[in-house]
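Shared chain: chain A. Partners: chain B in the first complex, chain C in the second.
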Partner chain A sequence: MHARVATWWTILKICVEERLVYRGDFALGTLMRFLPIVTQIFLWSAVFVAAETKGIKGYSSTDVIAYYLLTMLARAFSSMPGLATGIARQVREGEIKKFMIQPIDLVSYLLLARIAHKLVYYLVAAGPFALVYYLCRSYFPGWPTPEVFVVFVCSLVLSFMLGFFLEASMGLIAFWFLEVTSLLFVYMLFTFFFSGHMFPLDFLPEPWSTIVDFMPFKYMAYFPAAVFLGKVEGPEMWQGLAIQTGWVLLFIVVCRRMMHAGYARYSGYGG
Partner chain B sequence: MSAIEIRGLRKSYRVYQKKEGLWASLTGLFHREYREVDAVRGIDLDVEQGEFVAFLGPNGAGKTTTLKLLSGVISPTVGQARVLGHVPWERENSYRRKFALVMGQKNQLWWDLPAQESFRLHQKIYRIDPTEFDRTRDELVDLLEVRHLLGQPVRELSLGERMKMELTAALLHSPDVLFLDEPTIGLDVIAQHNIQKFLKHYQQQRKITILLTSHYMKDVAALCKRVVIIAHGDIMYDGSLAGIVDRFSGHKELTLQFADDRMPSDLARYGEVLEIVEPKARLRVERGSIAEVLSAVLANHSVEDVSVEDPPLEEVIAEMFALTADQSRESRDANRQPAQSVTQSS
Partner chain C sequence: MHPSYLGVFLTFARNSLIRDMTFRTNFIIEAISSVSWMIMNLGFYTLVYQFTPSIADWGKYEFFVFIATTMFINSLVQAFFMPNMQELSELVRTGGLDFALLKPIDTQFLVSLHRVNWSSLGNFFVALLLLAYSLPRIEGLQLSPWQYLLYPLYVFLGVWILYSVMIGLAATSIWLGRNQSLYDFWFYITNFSRYPMEIYDGPWGTPLQKFFTFVIPILVVINVPAQLMAKPLIDADWWLAGFAILATVFSLIASRWVFKLALRSYRSASS
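So, the complex of A and B:
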């Protein structure tokens, strides 16, 4: 176990070093993510003015902006840029062989590489995030209770895990199709709508509202934000966290099974 | 016990047969024809511990497929193989810690980081003792003369330098078996020579088992006592390098230097004239009649110098590949079903 942890630690360190190589591109990419905030604030203010209403399904205009800012934070955990396409490229170009030849587990390696990716991202983005939240503090109802805050943090970590294992599973489909770009486009579209990144999922009418409850996407943006804002409370909040954990466990199993099935297929097919 | 034991190993692929044109592309969306292609056709081979064996063969002969089978990247259609007592395609970690595969056209190092970072990662994933790791790395980088490049990002290394780093990475865990797939491809003559020198020295010191595929005869001649020739998925020859010429070439090359301005005009009666640069002539003579031809030439002409040589190895092997291609085509035509069959699927 000690040797395994030492291996993981080395992989993590090397991945962090690798992320830091392209400093300029990385810093620019990180800062660019903040641009949509301004447009979203204008958009939702305009929606509420045009609708001549003080609230939509329990959300005031400030609630919606606070919600949007929180989903942005959740997406910083659950979005996995380049993960699935990276796996597909490795399968196509044969680099995946490395993981079949060397005593190293593909999924564990990808997870560590992604943790490193996120750590470096948070390091660069922490300052701008803090500044934006400070400037937008008037939109927030205030700090939640410690219990809610703990659930919020746990749901963010779980949203990272869910995003990783879901998208890694999408990438592993490349063992069968080689190219997953179109599939990813559909996945991104689903994530964008059904994670609640575009608008609070409470706005959805039936039957969509129920359908979304049975999908994993809402735990990647909506759920953490709703917990923080008190839209999901008490037993419902804990139940949500349990379901989110369930989805993570399910996709861990799916991802590992797909890796083994993919290896078997690759092995049978060649390359 | 042999380090590598292969029995009846066969690997066939299903290859999509696309017809030409847009219409064929459209119909291909709904209905496709596949062809079964045997990359390796039931080979048997034993390699003893400490042998350095070359795999020769034309492109598509099945060399790389065999190496992929032995390193567990692919599994066979039928047949068995054991490397150091392990079935490769079971991919046990205990096996993966005992062998290494170096592919001349594939990079296994971290592109954006210095090689020393990749080496450190190898130390961890192969669980190499830190003192042992330092010792082996120092020995390898000194032998390959790349110590000064350890801190340079891999992307900034030349092809030859990168191959040296790839070899170092592959040997850090002191594998018992090493598979080398075209390790000198694309390298200049000096870099090729350096890699050959290193491999020879390393193999003699460590007595590890090495299987090498290469298109460069010089690699093979410098390194391997035993040569296995594979063509169209079958083993065509297994023996010494010199034996190839004896077995597959029925000719010798006779070079004659005639005394001043006495170049005979009827040289064709002794054999096929390959080249005439007065006062020298080079002839291709049947191996069985070389003594007879030589005594006739010496009796009839004034000869200053004479040499009898085997034809160049590349030439013999090229002839042999052409011959095996013909044989293979004939056997395929005669027995089309098992070798190649067309299947259809929607």
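So, the complex of A and C:
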């Protein structure tokens, strides 16, 4: 056990150092990612002016902006750039062999690398995020109650787990179909649209709003933001958190089983 | 002796088509994915128009014409210039630009057009359908022949403005040695052009609107042809249409100058 923890710690340290090499580029990139928010602010202001209404489905014009800002934060936890494509590439090019020979578990290794990646990301991105949130503070309704805040933080951590295991499972499909680029594109479209990254999911009419309730995607952006803004509260909030945990557990199991099934059918040739 | 530029371009286009057709499934998947991305976008705006009759005086079908215009221009840029610009930074990094410089043909022409990404033109046809669907549904719109003449012309001018911005950005990779975030930056800049310019209003919006009209003229790219088609220019807007021609000429000259300037600081990476 001790040796195992030491191995993991070393992996984590190496990954953190690797990520810190390009910190300047990183911070600039993060700040740039807020530019679309600027156009969203103008777009929704125009919508609210033209609609001559105080609220759309319970969202005031400032709520919508706050919602977009919060989904940016949620996506910073749940988005896993390059994870699935990385796994697929390793399977296709045979690099995956090293995980079969070495006593290192593929999924655990990737999880550690991803945690390191995210830790560095938060370290570098904290500045730009704080700056933008401070500039936009008038859009927020104020700090939520401690209870809501705890749920919000938990749902962010869970959204990281969900994002990781869901996308890792997508990548592991490469064991069955070598070329999964198109499949991953469909997955990306789905997450973008149904996670609530594009608009508050409450805006969806029936039957869509019921459909998204049965998909895991909404816990990757919509749910944390809605909790923070008090759009989901009381027992509904705790229920949501429970369902999110359920999705995470499900995909942990799916991911494990797929890895072992994939190992069983994998065959590599050459050096 | 002058090479025949048209002949060379047609050869490039033919070779790219042959290349694309070699990987036919990939070609179809790429076309489908770019189309589905736009369909999602349409879905988003259909949703928004459930809550409001107009956005900054653009009715639903008028806005669909706007989106169709965006699709026309973006598909042309993505088909003819995007793959080349991405390759340019790679050429600089690997020293492959040496070969382009040695050819007895204008370097900017060669690096800008030598690959055509035919699958991006899928959106061009979807845009045609969307235009044909939306135009008859705009209330009180009388189309005159000059609109049919001027619309393609302004779409064409828009493509050239975007090309200028793009080659200007790509030229920076000659100075920086590598510019991987080129595509990101491009996306964030042009993101401003995808909305009607009227939404940029107020103490922050007006300067922003002026900046992206007169300094980097990306707001005229889609707005002018879309207005021309969906809301035939009222008198006050004629100057904008005139300005668009001027802006195109200036952008092309400026970007050519930047490109030449950047080439002078090119130091080969290999040999």
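FYI, the second predicted complex is superposed on the first by the 258 of 271 C-alpha atoms of A that agree within 3 Å, B and C clash if a C-alpha of one lies under 4 Å from a C-alpha of the other, contacts with A are read in each partner's own complex, and residues count from 1 in each chain.
The criterion applied here is as follows: a residue touches a chain if its C-beta (ideal position, glycine included) is under 8 Å from a C-beta of that chain, and two chains touch if they have at least 3 such contacts.
What you see is a predicted model, and the numbers here were worked out from it, not measured in a lab.
In the superposed model, A:T10 makes contact with chain B only, not with chain C.
Applying the stated contact rule after C-alpha superposition, one finds that A:M1 touches neither chain B nor chain C. After overlaying the two complexes on the shared chain, residue contacts for A:K98 are found with chain B alone; chain C is out of touch.
After overlaying the two complexes on the shared chain, residue contacts for A:F185 are found with chain C alone; chain B is out of touch. Of the two partner chains placed around the shared chain by superposition, chain B is the only one that A:V21 touches, whereas chain C remains out of contact. In the three-chain superposition model, chain A touches chain B and chain C at no common residue. The touching residues of chain A, when paired with chain B in their complex, are 3, 6-7, 10-11, 14, 17-18, 21-22, 94-95, 97-98, 100-104, 263-264, 266-271.
By the touch rule above, chain C contacts chain A in their complex via residues 29, 33, 36-37, 40, 43-44, 47-48, 50-57, 181, 184-185, 188, 191-192, 194-195, 198-202, 205, 208. Residues 11, 13, 39, 65, 68, 71-75, 89, 91, 93, 96-97, 100-101, 106, 108, 110, 112-113, 117, 120-127, 153 of chain B touch chain A in their complex.
Here chain A touches chain C in the complex through residues 25, 29, 32-33, 35-36, 38-39, 42-43, 45-51, 53, 56-57, 181-182, 185-186, 189, 192-193, 198-199, 203-205, going by the rule given at the top.
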